[in-house]
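A quick write-up on the structure given underneath.
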Amino acid sequence: MVELKLSNKEAYYQQTLENIPSKTPFSEFWRKFKKQKLAFVAFFFVIALILLAFIGPFITPYDITEPDYENVLSGPSAEHWAGTDAYGRDIFSRVLAGTQISLYVGLTSVLLGAIGGTFLGIVAGYYGKRIDSIIMRICDVLLAFPGILLAIGIIAILGPGLGNVIIAVAIFSVPMFARIVRSSTLAVKSTLYIEATKSIGTRPKRIIWKHIFPGTVSSIIVYFTMRIGSAILTAASLSFLGLGAQPPSPEWGAMLSGGRDYLNMAPHVTIFPGLAIFVTVLAFNLLGDGLRDALDPKIKE
Amino acid sequence: MNQTLLEVQNVKKYFPIPSKLFSRKKEFVKAVDGVSFTVNKGETLSIVGESGCGKSTTGRMIMKLLDITEGKVIFEGQDITDMTDDQIRPLRKEFQMVFQDPYASLNPRLTIKEILEEPLIVHNFNKGNRNQRVTELLEVVGLNKYHADRYPHEFSGGQRQRIGIARALAVNPKLIIADEPVSALDVSIQSQVLNLMKDLQEEFGLTYVFIAHDLSVVEHISDRVGVMYLGRLVELATRDELFGKPLHPYTKALLSAVPIPDPTVKRERIILKGDIPSPANPPSGCTFHTRCPFAQETCKIQVPEFRELESGHYVACHYAEELEIN
Amino acid sequence: MEKKVLQVRNLQTHFTSDAGVVKAVDGVSFEVGKGETLGIVGESGSGKSVTSLSIMRLLKDTPGKIAGGEILYEGRDLTKISEREMRRIRGNEIAMIFQEPMTSLNPVYKIGRQLEESIILHMKLSKKAARERSIQMLKAVGISRPEKIVFEFPHQLSGGMRQRVMIAMAMACNPKVLIADEPTTALDVTIQAQILELMKSLTTTTDTAILLITHDLGVVAEMCDRVVVMYGGRAVEESDVVSIFTNPKHPYTQGLLESIPKIGDRVERLSSIPGNVPIPAHMPMGCKFAPRCPHAMDVCWDKEPSFDKLTDNHSVRCWLHKEVPTDEPNLVGSSER
């Protein structure tokens, strides 16, 4: 085979835009995200958690509700990796099965909050004036309550139960999303390219969907991820207080609550679900941090 | 040929200053304070002036991107001053804008194809022909078909400005308002874009309103030139008249302030004293009297009329005739 | 011959990133003498600003590093001295003014305090004497009521006034070298004329050497004694200002001069340099200007020309003015216009 050697001139023109792979916003994001080592690990951990949420209940080594009174509060062993609880149920199996509940509560509540908050935030930011003041003052009122207190209040009205926990967490996520989305809407709205598209005669609906909303997505994604962590935490707290998931549900917060009485004798009953909460929340927060660094256009290399 | 395309009649733009707490009095920045001119079909009218003189605000009022406080804008015989967004939408394809900053005027999240398609979609262009039109537009401004799927950040400043021009051309407008289209570009790229704009004007019979601060660029591209100072036109004339025989002392100072890229030329220059006054609190009488080397008592009291001193040569100065003799 | 105040020899400044090493400045040499104004002209990415930051050793917060060459200030190599010694020189013997004065003035301190700070630090004056000196400096830069201005904050001043304050600050300690990085680019034409006039009068009264970095050829023609033209991180031409404008040797300088519209000189079409300003990630192997050069030959693509003296006072980096190191005949003749 004859080896073709390009002259330097040919090599230069070979390297024109036509032949360089396109840098899409996504490829740029991925390149920057991959550099965030910790967030990258957290990303895979979160993916594993989501997989576990689907298959967890089917791969538990023991039945999660069947009591075993011969093995009550036994410590971690080869048979029971994380020991057993006051009813002799395998804690490892229950934590595994609980993943689904925690992720479900976290994701749906934040998703509902994000949808509501994004809608309100865009409307407030884009149309401004009276609508803006009304929406933002309502948000201020909601934000003036401590989050957990607001959730307890909502549950007091709706009654305890996991479904109501989701609603409660969603409601107090709404004003936070509304604020964030409103501020990025304002930022995008004042850019020159919005003025340019207005000068073309683009209708407000198209401006919102084609320009404003995509411009706020990155901040929504970042906040969404971070918010899941705290939603899981809040849901666990509510369950711990007996306002959320009820026994014998393997919800992590409820498990903590169940082990509370044996804290001295059998700390493993609380340690393992506690650890699960801790690691999950941490993973979502680290992921959120990494996403922010990779998505924020102000952070340049 | 002297067909009027655009007529601007005594337009004003007052921006309210956010009132201080407990203060009832409303104050205004008089960004544009009574500007009138006409633009003929096929010509290039430039508006020059320094920062804060209201040249960009005037451009944005013509585009109806800003509400007009007072006065009228008439495009092809239609008064567009009080039209609603929906009424003006079909007219928008007749006049388009090119912006100063080619980095900020293109949405970074859209491909070039999506950017160029937008005006076509908004003005209901035949769907089947859109792709072809995008390719055509790219070629017209000297770019390639394969640029269509790229994002704005992959282009240099000059290329982005070409994309901005292509977007303005998409719906075959008659009038293009170019707001400092080359001032953000590198020197060696400026001339490329200026040449392109001239070529396009010839090819498509475009009319330009060219807003700029760089007098050498303005002299190159314009047929007629208007000079603005603190929200008002102080002089308006054909290019040859304005550069050959400027009548207003401000125009004279502006012309003499431009550094000439020739070290062998030495000349006396008029250096104006002081800063440009704030448009929130403009001087009385002739707004230029605080810096004018020829200011008289009358200038402090009386606002000079914008009058036609010679055919087609307008100037707002009490003493234009006397200054001309000297 | 008189010894020059500042001599830069074969300066190399490299930036390290994931993509590898970018040679932002690669082989720049020039000298400035007392009371002389040297213009460094170039477009974006030409390396002109990095050159000035390298001289001031202000690359600390960037991924940039001086990788080679010498910066001789009164015979001392600034690339070799410690940060401590550099601090004594910076602001005192070599001062700098920037394009946007607002970014280099601290918004929370009054003008007077900012001026006095460097005066006290470098000139070891008492507070009272420093105040007097700053008022005197403000008067020297043409500020009409300096006693009042010292009590104002930067945001209360106009752009032109701020640039005057910056110049007063830079000149307060009688520096031997003043580096001005696009000092008038952000200003209006009539204000630019004022500032240029001021800088001109300062050089005649104080003998300060000025390094004027700009993209505006008009400003260069008006202000400079000598000119260095930069392209793609290299100095491509250096001479006195009249030679650069009347007898440019490098095709880039020629193209640049022809492409700017000039007042009073009407042409139907401007001649223009084709192509784009080079980006570091996509630099040709040989001469960096080859892709845009109307005279490019094979050798231009393969080998970068060196920066050589054509005459005693005119240097150029171009194969058109050199023996081409091949047996091929030199097809392109002289570039005399």
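Think of it as A, B and C in the order they're written, each chain with its own count starting at 1.
Just so it is clear, a contact is a pair of C-beta atoms (placed from the backbone, for glycine too) under 8 Å apart; a residue touches a chain by one contact, two chains touch by 3 or more.
Given the structure is predicted, the values throughout are model-derived calculations rather than measurements.
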Chain centres computed over CA atoms; the one at greatest distance from chain C is chain A
Counting C-beta pairs in contact for A-C and for A-B, the higher total belongs to A-B
Cα centre of chain B to Cα centre of chain C, whole Å, reads 32
Distance in whole angstrom between the CA centres of chain A and chain C is 51
Chain centres from averaged Cα atoms put chain A and chain B apart, in whole Å, by 49
In their shared complex, chain B is touched by residues of chain C numbered 43-44, 158, 160-161, 188-194, 196-197, 215-222, 224, 241-242, 245-246, 255-257, 259-264, 266-267, 269-274, 276-277, 279, 292
Given the complex, residues on chain A that touch chain C span 7-9, 11-12, 15, 35, 301
Within their complex, chain C touches chain A through residues 17-18, 282, 284-286, 290-291, 298, 301-302
Per the touch rule, the chain B residues reaching chain A in their complex are 63, 65, 88-90, 92-93, 96-97, 99, 101, 104-110, 118-119, 121-123, 144, 146-147, 149-151, 153-154, 164, 167, 171
Interface with chain C, chain B side, in the complex: residues 50-51, 156-159, 186-192, 194-195, 198, 213, 215-217, 219-220, 243, 253-264, 269, 271-272, 275-276, 291
